[in-house]
Each structure stands twice: as C-alpha cells, then as structure tokens.
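Both complexes below contain subunit A, partnered by subunit B and then by subunit C.
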Partner chain A sequence: MQNMKIEETKYTPAIELDASGAITIVGKSYPENTFEFYAPVMKWVESYFESGAKKLAVNMEIVYFNSSSSKLFFDLFDLLEENNNPELIVNWIYDAENESAMEAGEDFKEDFEKLQFNLKAK
Partner chain B sequence: MDIENKLVNEIAQLQHNFAETTNKLIKDIKRQNKILEQSDKRQRKEYDELLALKQEIEETQREVVFTMGAIGESRSKETGNHVKRVAEYSKLLALFYGLDEQEAEMLKQASPMHDIGKVAIPDAVLNKPARFTNEERVIMNTHAELGFQMLGTSKRPLLKMASIVAYEHHEKYDGTGYPRGIVGEDIHIYGRITALADVFDALGSDRVYKKAWEDEKIFTLFKEERGRHFDPRLIDIFFDNLDAFLSIRDRYRDVAGQH
Partner chain C sequence: MQISELQNLVEKQGIVFLSYGGFLSQGLIAGMTEALEKEAEYNNLNMGVSSNIFTIFIELAQNMMNYSKTKSTTLGEFKAEGLILVGKDKSGHYYVESQNVVDSSDRAKLEPKLQEILTMNREEIKTRYKELRRSGKDTHGKGGGIGFYEIAKRCDTIEFEFTPLNESKCHFHFKATINTIKE
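Right after this comes the complex of A and B.
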C-alpha cells in the first residue's frame, strides 16, 4: 500500500491516505465531479481492506459540502461498515459554532450504528 | 408432490430475493431523502449567513460614507444634521426626477460626501470668520476637484457616484459655476440634485457667520435661479412637493448649540 496525498484547492479538501492506518479529509467539498474526485480515495480504501489491514482511523473535518459529497460520504461509510472491525474508528470533527457540520455528523452517526462514529467538537 | 415442493421452494426464494431488493430500494430512497433534507437545511443556513454578511457590508459602507460626509462638514463647522438633511433631500429629488429606488438610495448615501475635498483645505482658509480674499476663494474652490480626485480612483459604484457629486456640486445650470463651468444637462443629474439640496439646506440653517434665511427669501431666490443656478426641472419638482421637503427639515431640525 502506498501513501497518497491530495492537495487542498478552493473547492476541494486536503486528503491524506496513510497506509499505516489513517485517513484525513480536511476542508470544504464542492468538487465539479464529486464521484470522479473521490474515486481514488474509494479505490485506496478498498485495496487497503483487501490487503488484509484492519486498523484504520478516519478523521473528517468538513466545513462546507455539497449534496453529492454528502452522498459520497454515505458511500464511504457504507464501505467502512462492510469492513467494520474493532480497530476501525471514524472521527467527525467540527467547529462548535458550525451547526450544520454538527447536524450532518449526527445524521451519519445515526445511519451507521455499527461503526465507531465519534462526534468531536473543536 | 415433489414438483409442487420444488415450485414452492422456488417461489419462496423469489419472495426472499424480492424482499431483499425492495428493502435495499427503500433504504436507498430514504437515504436520498435524507441527503436532500440535509442539503436543504445547510443551504438555508448558508443563505442566512450570506444575507447577514451582505447586510454587514452594506452597514459598514453606510457608516464609512456617512462618517466621510461628517468629516467634510465638521471641518467647516457645519451643524450635525446638515449631512442627514442633504441626504434626504437628494433622495427625494432623485425619486421625483425619475431615478429608480436603488439609484435614489445610492445618491442619498453619496451626496453627503460632496464636501469631502475640504479635508485638504488649510484650516486658516476653511474656518476664516471673515470674507475670503480672491486668493482664498480660489483655494476654497479647489475642494470640488480635490474631492473628485480623492474618490475617483475607487471602483466602488457608490464612491464613483460620490466623486461625480463632489466634482459637480458647485456647477451651475447656466455654466457660471466651478470648477469646469459646464452647462445644463452636461452637469450630471447627481451634481444638479446635490447642488439644490445643499444650497437649500445651507440657506435655511444658522451658521456662525450668518442667520438662517426666511423661507420666503429662499423661495424667491430659487425662483430667480430657476434655469440659472439650478436645473429648472428640479426647481419645479421642489415647489410641487414643497411639503415633503419641509417635513424632512422639521424631522432633522438642528437643536440649538448642537454640533
């Protein structure tokens, strides 16, 4: 497994995929083509689990995002839930003043009961 | 019997598959709805933030503009409500003249800045209690062009408008004004309107060096200056709607001793 890094742009978040077991996605998410943009990320996660790895910490700190990003995050959490294990955690990090980021996190947590899904206010 | 059982099993399997598929469909639809709901909520929130931001910008702009006008006035010891009255008169004239509400509102904000160029006039001249010498008069009159230069570099529509107002508020309809001596409708409507609003208020106010004129005296002058100092159309508008202008004056009357 290789590490992967995608630089932040005006419309897309900074993404780091660390083969030692960590994913960070920080920033806003308004890609022109959301599914194309996140395709390498989804692929990376799939092959990460295929390689037999278990331990994974997913840190997401998304300030603003569009509806297709929301759909994409559901897909990502689906993928995580399919490979759920005790060493897999998701941290949804948000600014205490950003109500909509918090509410989005609550919605995800509610939908993915099996995941260790933590809401963390900054 | 065997055949029957086989059929039952097949149907049971179909039933099971069907249930699985429909459950998945229901789950997907529910999720889609959730995403939509979530997005709608976020969009409304972002829209609220946008509006608040817009309001903040507008208020800041209003305050800056008003302060700039007040600076121009305070340097020449005008009374506190002069700025407000000139603003209101200008908007009213603009509306009656036929400018739309948005442009009239902008002029209301821009017209009080007409004397901003006075910040660059030396105190000794600006606040001289006696009559100006010719030389001092020339210096004084540069405030129009100075204001134009100060505001003219801005790309903001409001400040651009204010630069026109500053430049042309001492022009006269018959071409005897300054700084350029332009004539009639060559003088921008913003300049023509502010000229009338400013003079009307100046004549009707007490100043350190003079008492306020009686209304009748002002009206006589305005009639004489119709088509000379002032745009005849604006003078007609003024007299046709005199009550509206006087009620603005009453509303923003100066309190004695207030500066």
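Right after this comes the complex of A and C.
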C-alpha cells in the first residue's frame, strides 16, 4: 500500500492516507464533482482492507461541506462499517464553537452505531 | 443605467454581495464563499451560524451552476438570468436568495418537495434528510436531491415562488433566512 496525499484547495480538504493505518481529512468540502474528487480516497480505503489490514484511525475535521459531500462521507462511513473491527476508530473533530459541525457529527454517529465514532471538540 | 441606483437598492436591502448573469463557475462560488467568510469574521458571527450561511449559499449556487450545465443546449435562456445574493435584514438576520429559470417539468419535481418541507418541523426535516442520505435515492445527480433538505435543516425559514415566464419555463425564486442570534 502506498501513502497518498491530496493538497488542500479553497473548496476541498487536505487529505492524507497513511498505509500504516491513519486517514486525515481536514478542511472544507464542496467540490464541483464530489464523487469524482473522492473516488481515489474510496478506492484507497477499499484496497487497504482488501490487503488484510485492520487497524485504522480516521480523523475528520470538516468545517463545512455541501450536501453531496455529506452523502460521500456517509458512503465512506458505510465502507468503514462493513470492515468494522476493534482497531478501527473514527474521530469527528470540530471547533467547540461550531455547533453546526458538531450536529453533523452527531447525525453520522447516530447512523453508524456499530462504529467507534468519537465526537471531539477542540 | 445609473450605477448609483443599483447601489442605493443594494444598500437599502442590506445586500452583502450579489451575482447576476453570466456563468456561475466553481471558482466564482469559492471566491464568493471567501468573501462571506470575511463578512462573518468582520461581524464576529458565531461559527455555527456562519457555517450554516456558507453551506446554504454553496448549496444554492452549486444547484444553479449544475442546473444551467444540464440545460446547456438551451443555455441562452438559462445563463443570463441567474441571480444569487446574500444579505442582512434590519433585524440582523442573514438571508440567501436566488432566482433562476427552470423548466416547468422541473418545477413539477421540485415544488412538492419544497411544499412538504414547509409543513415539517426541524426534527422531521432532519429525519427525512437522513433517510434520503441513507437510501441514496435522489442523490446520484449533482444536486436537487438532499440539497434542499440540507438548506432547510440549517435555516429558520424558507420561502419560494414559481412565476411562469411562458408555457415551458418559469422563474424559481428561493429565499432562506438564518437566525443569527441563537439562544
């Protein structure tokens, strides 16, 4: 597995996929073609689990996002839940003052009860 | 045309910025979102409230951009009249307002959805949003799926109106108001 890095833009987050077991997605997310933009990320995650790896820490810190990103994140969590194991953890990180980002995290947490899904205010 | 007339109108309506005509592009939307961020910062807006304003603006603007793209064969009719603006009313609440030309057949799809949203409370909107997001239904396209539920979830009131232009086209006018002062 190769590591992968996507630089941040005005409307897409910084993404780091580390084959030693960490995913970091930080920034804003409103790409023009959300599913195309995240396709390499989804593919990477699929390959990661196919390789037999289990341990994975997913850190997401999204300030705001459009509805197609919301759907995409849902699909990502769905993929994680399919490969759920005790060493898989999701951290939804938000600014303590950003109630809106907190609520978005709560909504995902409710939808993925099987995942170790942590809401972390910073 | 006196540009001062336009300026008077903009000031009277508390308009922060507006875009009218031409092509809405992703770059333009990102630039306007950046301007909105500055506005929020300058006015010390609460982060949760400002995130909601940004999301609603982006949702409406990308809807318009994508819609005009799908109608590119008849673009002449669609490109010129797209209007989107962000303003602040006298009580200090922000609003995002848009108007564009839509096919009557699209009105038929959109209007029942919006009318239903009007009858729903916040909890019901959230539930429907999550149902639609889970089912994946209506979300394959580039917008107009869960987008209006995303907007409704993040604002306090929505208003909309369809004004027929001719037999096959109408103006779609939409406004979302965001309560700036949270309890």
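Here, the second predicted complex is superposed on the first by the 122 of 122 C-alpha atoms of A that agree within 3 Å, B and C clash if a C-alpha of one lies under 4 Å from a C-alpha of the other, contacts with A are read in each partner's own complex, and residues count from 1 in each chain.
Here is the rule we go by: a contact is a pair of C-beta atoms (placed from the backbone, for glycine too) under 8 Å apart; a residue touches a chain by one contact, two chains touch by 3 or more.
Keep in mind that what you see is a predicted model, and the values were worked out from it rather than measured.
Undergrad: Look at the residues of subunit A and decide whether subunit B or subunit C touches more of them.
TA: Larger number of subunit A residues touched: C.
Undergrad: Could you say whether A:Asn3 touches subunit B, subunit C, both of them, or neither, answering first, second, both or neither?
TA: neither
Undergrad: Examine A:Ser20 and indicate which partner it touches, taking first as subunit B and second as subunit C; both and neither are also allowed.
TA: neither
Undergrad: Please indicate which partner A:Ser47 is in contact with in the superposed arrangement: first for subunit B, second for subunit C, both, or neither.
TA: A:Ser47 contacts neither subunit B nor subunit C.
Undergrad: Is A:Ser70 touching the first partner subunit B, the second partner subunit C, both, or neither of them?
TA: Both partners, subunit B and subunit C.
Undergrad: So, A:Asp107: does it touch subunit B (first), subunit C (second), both, or neither?
TA: In the superposition, A:Asp107 touches subunit B and subunit C alike.
Undergrad: Have a look at where A:Glu99 lands relative to subunit B and subunit C in the superposition and call it first, second, both or neither.
TA: Both partners.
Undergrad: Intersection of subunit A residues contacting subunit B with those contacting subunit C?
TA: The answer is residues 64-67, 70-71, 74, 99-100, 107, 111 of subunit A.
Undergrad: Which residues of subunit A touch subunit B in their complex?
TA: Residues of subunit A touching subunit B: 64-67, 70-71, 74, 99-100, 103-104, 107, 111.
Undergrad: Residues of subunit B touching subunit A in their complex?
TA: Per the touch definition, subunit B meets subunit A at residues 31-32, 34-36, 38-39, 41-42, 45-46.
Undergrad: Taking the complex as given, what residues does subunit C use to touch subunit A?
TA: The touching residues are 26, 29-30, 33-34, 46-49, 51-52, 54-55, 58-59, 62, 65, 126, 130, 133-134, 136, 139, 142-143, 145-147, 149-150, 154, 182.
Undergrad: How about subunit A: which of its residues touch subunit C in the complex?
TA: Within the complex, subunit A touches subunit C at residues 10-11, 30-33, 63-68, 70-71, 74, 95, 97-102, 107, 110-111.
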